[in-house]
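Just dropping this structure here.
Per-chain numbering from 1; labels A, B, C, D, E and F assigned in written order.
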Amino acid sequence: MAGFLGALSGPQAHSAIGPDSVVLVPVGAIEQHGPHLPLSVDFVIADEAASAVVNQLGDELDLLVAPTLPFSKSNEHAWSSGTIWLSADTMHQMLDDIARCVAFSGARRIVFLNGHGGNSSLLTTACREIRLAHNLLTFVIHPFLPPAYSAPELTASHSTELGMGIHGGLQETSVMMHLRPDLVDLSQAIRNVPEWLAANEHVKFGGSVQFGWLSDDFGPHGHIGDPTGASAGLGAELFDESVGSLCDQLREIAAFSFPS
Amino acid sequence: MAGFLGALSGPQAHSAIGPDSVVLVPVGAIEQHGPHLPLSVDFVIADEAASAVVNQLGDELDLLVAPTLPFSKSNEHAWSSGTIWLSADTMHQMLDDIARCVAFSGARRIVFLNGHGGNSSLLTTACREIRLAHNLLTFVIHPFLPPAYSAPELTASHSTELGMGIHGGLQETSVMMHLRPDLVDLSQAIRNVPEWLAANEHVKFGGSVQFGWLSDDFGPHGHIGDPTGASAGLGAELFDESVGSLCDQLREIAAFSFPS
Amino acid sequence: MAGFLGALSGPQAHSAIGPDSVVLVPVGAIEQHGPHLPLSVDFVIADEAASAVVNQLGDELDLLVAPTLPFSKSNEHAWSSGTIWLSADTMHQMLDDIARCVAFSGARRIVFLNGHGGNSSLLTTACREIRLAHNLLTFVIHPFLPPAYSAPELTASHSTELGMGIHGGLQETSVMMHLRPDLVDLSQAIRNVPEWLAANEHVKFGGSVQFGWLSDDFGPHGHIGDPTGASAGLGAELFDESVGSLCDQLREIAAFSFPS
Amino acid sequence: MAGFLGALSGPQAHSAIGPDSVVLVPVGAIEQHGPHLPLSVDFVIADEAASAVVNQLGDELDLLVAPTLPFSKSNEHAWSSGTIWLSADTMHQMLDDIARCVAFSGARRIVFLNGHGGNSSLLTTACREIRLAHNLLTFVIHPFLPPAYSAPELTASHSTELGMGIHGGLQETSVMMHLRPDLVDLSQAIRNVPEWLAANEHVKFGGSVQFGWLSDDFGPHGHIGDPTGASAGLGAELFDESVGSLCDQLREIAAFSFPS
Amino acid sequence: MAGFLGALSGPQAHSAIGPDSVVLVPVGAIEQHGPHLPLSVDFVIADEAASAVVNQLGDELDLLVAPTLPFSKSNEHAWSSGTIWLSADTMHQMLDDIARCVAFSGARRIVFLNGHGGNSSLLTTACREIRLAHNLLTFVIHPFLPPAYSAPELTASHSTELGMGIHGGLQETSVMMHLRPDLVDLSQAIRNVPEWLAANEHVKFGGSVQFGWLSDDFGPHGHIGDPTGASAGLGAELFDESVGSLCDQLREIAAFSFPS
Amino acid sequence: MAGFLGALSGPQAHSAIGPDSVVLVPVGAIEQHGPHLPLSVDFVIADEAASAVVNQLGDELDLLVAPTLPFSKSNEHAWSSGTIWLSADTMHQMLDDIARCVAFSGARRIVFLNGHGGNSSLLTTACREIRLAHNLLTFVIHPFLPPAYSAPELTASHSTELGMGIHGGLQETSVMMHLRPDLVDLSQAIRNVPEWLAANEHVKFGGSVQFGWLSDDFGPHGHIGDPTGASAGLGAELFDESVGSLCDQLREIAAFSFPS
């Protein structure tokens, strides 16, 4: 049965958690997303996606959702007041602590539902570390795939963004208008797309060369993308599609194991 | 104006946070609290107390509430499935990371609203570390004071608990019945009071000798106290009183500074 | 038999240390204590109290006293030349190293006799860490209780100090005049009491709000309290009373165990 | 002028390294690659690719090649004797140490030429850490792209491998037959392709779900792919194509900067 | 003026410590030394040597002696109950903490007076780390040189020890009989000399090959050497000679500086 | 059979490595060596010495040579562009990682062939740490002994160097002229001998007082010694002699064990 870990008592947790349990850890962030979006975008999306997944999966899977981590590795936004970021070292330790407890509980699968693209590589690394250290099956899923993991046709789909709506762009803005319209001020939305980067063949988002960037490397606005055409309707569509896909992914995860 | 940090945009945070701002970080936990209470007790209480304080203080203080930390140092409950605990080292690093960001933002005061007694000494240590490392004014407040900081007459007030209702006892159970009755199962409540400890003069909760304990040192039930008489009415009364006191404490904190 | 660990040979240690042994680790400090007292106050008091306890307990308890740690977490005095302070991280590691060795020896009880109030919260945290990591029974005792652990009537007892004689005040100065009169220069003693703090309801020493402070937050003198009325006679009285109490505490500690 | 860092004297390094310099750090590994390949595959490929790039770029770029790191994060092969792996923590620290020195030298660009796919996510994380900590422009390039960064059509190109020739498969084996035929024993080559994984929609190499795996999760052979059809001719072709692409990437890197 | 750091008040330390000050940190240990000697040998010798040096140098040098570190890196004796050892990491951190404070005080020279041979290489490393990190002039001196630093004719001087009286042998036993006869039981003294090692050309104490050893690698006795001929008279002679040499070394240290 | 670890396949490593195997880890450095020598001196010497030893020992010993570590603790040259140095902490962790893998493989002996004198004390410390943590027999050998481990007559042998040709002097320059004449520019060679240091009785290279130094403490040239008389012929002689001695040392190491 899908549900929230925090709602169980100790004895219930002892009974409920077993080899078939999938523990889902939503990973949020508090970080600037440009002038039109709140600091809590990644927190809201990870948190709401996790809740939607629980509701949709109902009795289908033995899924336990942990509370959403509010802070993560947002150091690309360190320059902006209000961003709260954990160092890579702190975050690796925190994930290891959590995984140790999940392994102790008897579950065999841990899934990070990552709302913040800046965590993707660290979470991928952590998957292997945790697999080796705690013998868990480990997974990372994303409500919206960061460029490094997206097929080119997807990231290129919004033409005014040139495939670079990676932070506070059309997609995230629309989803926030759907989930928390009170926190979006579309009147502040402006297009901020590094067109010069699109001219590169290799060094670009999702290109063959990975490169280190801070969000103020692309100017003072803080977001990267074109939120001007965002709408709650598009957001609802994207969010539902994402939740549907996350449920499919979780079904595959719940059935996944290595041949012994 | 009191409000939630996560609701601000980056530019709003830049404008809003200044020397008079008080950043409040609620500290929750996911840990066993006996058979009658959910793992999320400390999270719920810290989170709800923070929200109530924001509502009550309204325009009075320049208070910014960060999202509630879901996991903290709950290693006294490491033996119990479902408890998710951070090591002391992880937690010190996490607090330092958060404080670094608060200092960068221009605020001068950080307050940890601690829902989990097991964090008290670590947070007290962190207050000095952060004061020295980041030049912030630092504070810890508690919805309900842990024994080390309580006057004897208070902790002794519930006679069936012999002053030892420190974890899942009358107080926390009543407050949870008020805040989240759906998560409490009073039919599972039993009295679990280490009477042998009360006979000690020095080695006891709040005694002159501090001692290290794990919650299963007091038997298999996990809680310490007597929840059998808990009620939502008492919980409402205790919670309102606590919120009132926290607001008073925050008023004093907002006005506090050292002579220069 | 009570004695000094360092006086045993290896084979004697192997024979002497067992499940009933109590290993006592005095924790000193080298830190400024104002113009009238030497840097070694906390070292001297912890060291002398440990020796007095050994003498008094004689054959009564199986007590082994380790050499006194000279340096500890004195970072509230980092601003003052001559203070030697360990970081919180160094000190946690050092305590864990010591505890690992005590556990290896076969003893089951470790007691930190803490001469420096600034260590109190860290030692309290360490008690739980060591209990979990090394399965020892762990305790902290104080020659003189720091405010967080004192009943209000005690800390308020010296009227000119308004209950705030916490560092180099009447108590410590008198005890040093008793123990090492050659190291005290009472002609330099001045009253340094933060009266403005006494006006607070919550944010004060031993108040409901813990707060981070450095000793120069209270002015340039370095001590906090009123040593002007100190005397060797009072010091002798206080010290003897303290040693008597420590012996009582150690008797209770030696008999303490959790129900299995 | 492209050349080897180690060949410069101290004064030459002082003169030669400047804002236009690109420091290239080849990252090798010593780890099992199945029964037909030596432990040094990733070392040889990174080292040879770096040398080839130096030769090809000649005077075109101000490129300085550091010696090849022999050991890196090969913990997916920890089960296999002879594998020497650094922990994630050690490797992050080592990369930070190297970057600190590069920044001190006056260069502004550091490029990791990564021979071992298992380092990819960690190096991606390190790029941002180093960008923030040392203000360098940071890049990762690969002789052969790992699946997470490859377009599907590429990884699917060798039909018997089902797009999963990721470790010791056709590609690496052929390249080694070209570079170091003395170290390849094709008579030991067998096909080891996890066909069951290809049936997955999400959880697979380069799929939308990242997952943690160890190489013995796919059976006892150690490699993943089908080396049986490997040839020196194909290896020469692949290697030359890769070197050509790496040179193109380095040209773009040398010209890359953020708008100020 | 030579004296004890701990005897100064804060203001005195502020005045007294300056660029000409030499801060001396005696490094002791609590570790097994065989059946005839107490655990405190290295502590006693370092502590007594430091005191003797202070007395002898009198007004000659501006020497400040810190309290003796009781615990250090004694892990070669980890197998023996009663040994208290710090990890290499803890000890490096502790030395860095101490050096940071010395540098802050305005002194320019720090000297470790090392009573435990097992610390020698770590202290040598620390000298460079501290020189670079804190810009101090750094030194290690020994009451009795460990073999790696001794000229062959010296270590070979006691014929029954074959130059291997490195731990609890003739030298240390005699000195302890001089300093603390109450702690020596010569009736327990036996010869424990690894004659097989003397046959080696390279792998031996002070040989061209350094090798890692634990004291129980040489049998169960714990000491290495031949204490049977020890006497207080010889100890007095050795100790006086050592103190004289330490004073000479400190004179040279106080005058030492690099050309600017 | 002596050979290179990296040349083995995984299954070959599994078969080949056993209790009699000696794993040799050459330790190089990239650091300034004055105006006449390249940054790679220590790398070249360690690497070439290891290869020569393999060739010379042939089938005699079960010796496996790991790839040469390119970077190590060269922080005495941190001031010079092009030097790449690892912190002491990084290097301790890296050595522990390597040793963990060697112990896992079933070998019982690990030998560090150290090309950089600045690593000597750290490697000596690591020998004990690894012996205790991983139960390996551990050794450090040097192509050319650093002063702390040299007999006085050896270090004093080159009269113009006054026994202080410790870095880029006659010995290293000659050996490099033999091994890699293309990397030496003898026209840049100048004598740089700290004659003032030779006047000291205690504080000097190989003296009774260890002291912390950085290479620019001895002026801006970077090397210490007199390379002006260097020749390839002398280098060949020294190198052959050294390789011969290293082989002897390794024979003794391969036969070395503690009595059980």
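Simple rule for what comes next: contacts are C-beta pairs under 8 Å (C-beta built on N, C-alpha and C of every residue); 3 or more make two chains touch, one makes a residue touch a chain.
Note that the structure is a prediction, hence the values are computed from the model and not measured.
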Message: Farthest chain from chain B, going by the mean of C-alpha atoms per chain?
response: F
Farthest chain (mean CA position) relative to chain A: E
Message: Could you work out how far the Cα centre of chain B sits from that of chain F, in whole Å?
response: 56
- line: Note: chain D sits from chain B at a C-alpha centroid distance in Å of 48
- prompt: From the C-alpha centre of chain D to that of chain F, how far is it in Å?
  reply: 28
Message: Going by the contact rule already set, what residues in chain B reach two or more other chains?
response: 78, 89
Message: If every chain is a node and each touching pair gets an edge, what shape is that graph: line, ring, star, complete or other?
response: ring
Message: With touching defined as stated, please give the ring order of all chains, chain E first and chain F second.
response: E, F, D, A, B, C
Partner chain B, residues of chain A touching it in the complex: 4-14, 17, 28, 30, 32-40, 43, 66-71, 77-78, 80-87, 89-90, 93-94, 97-98, 101-102, 104-106, 183, 185, 188, 222
Field: Interface residues, chain F side, partner chain E - complex
entry: 73, 75-76, 78, 88-89, 92, 118, 120-132, 136-142, 145, 148-149, 151-152, 196, 200-203, 208-214, 217-219, 245, 248-249, 252-253, 256, 258-259
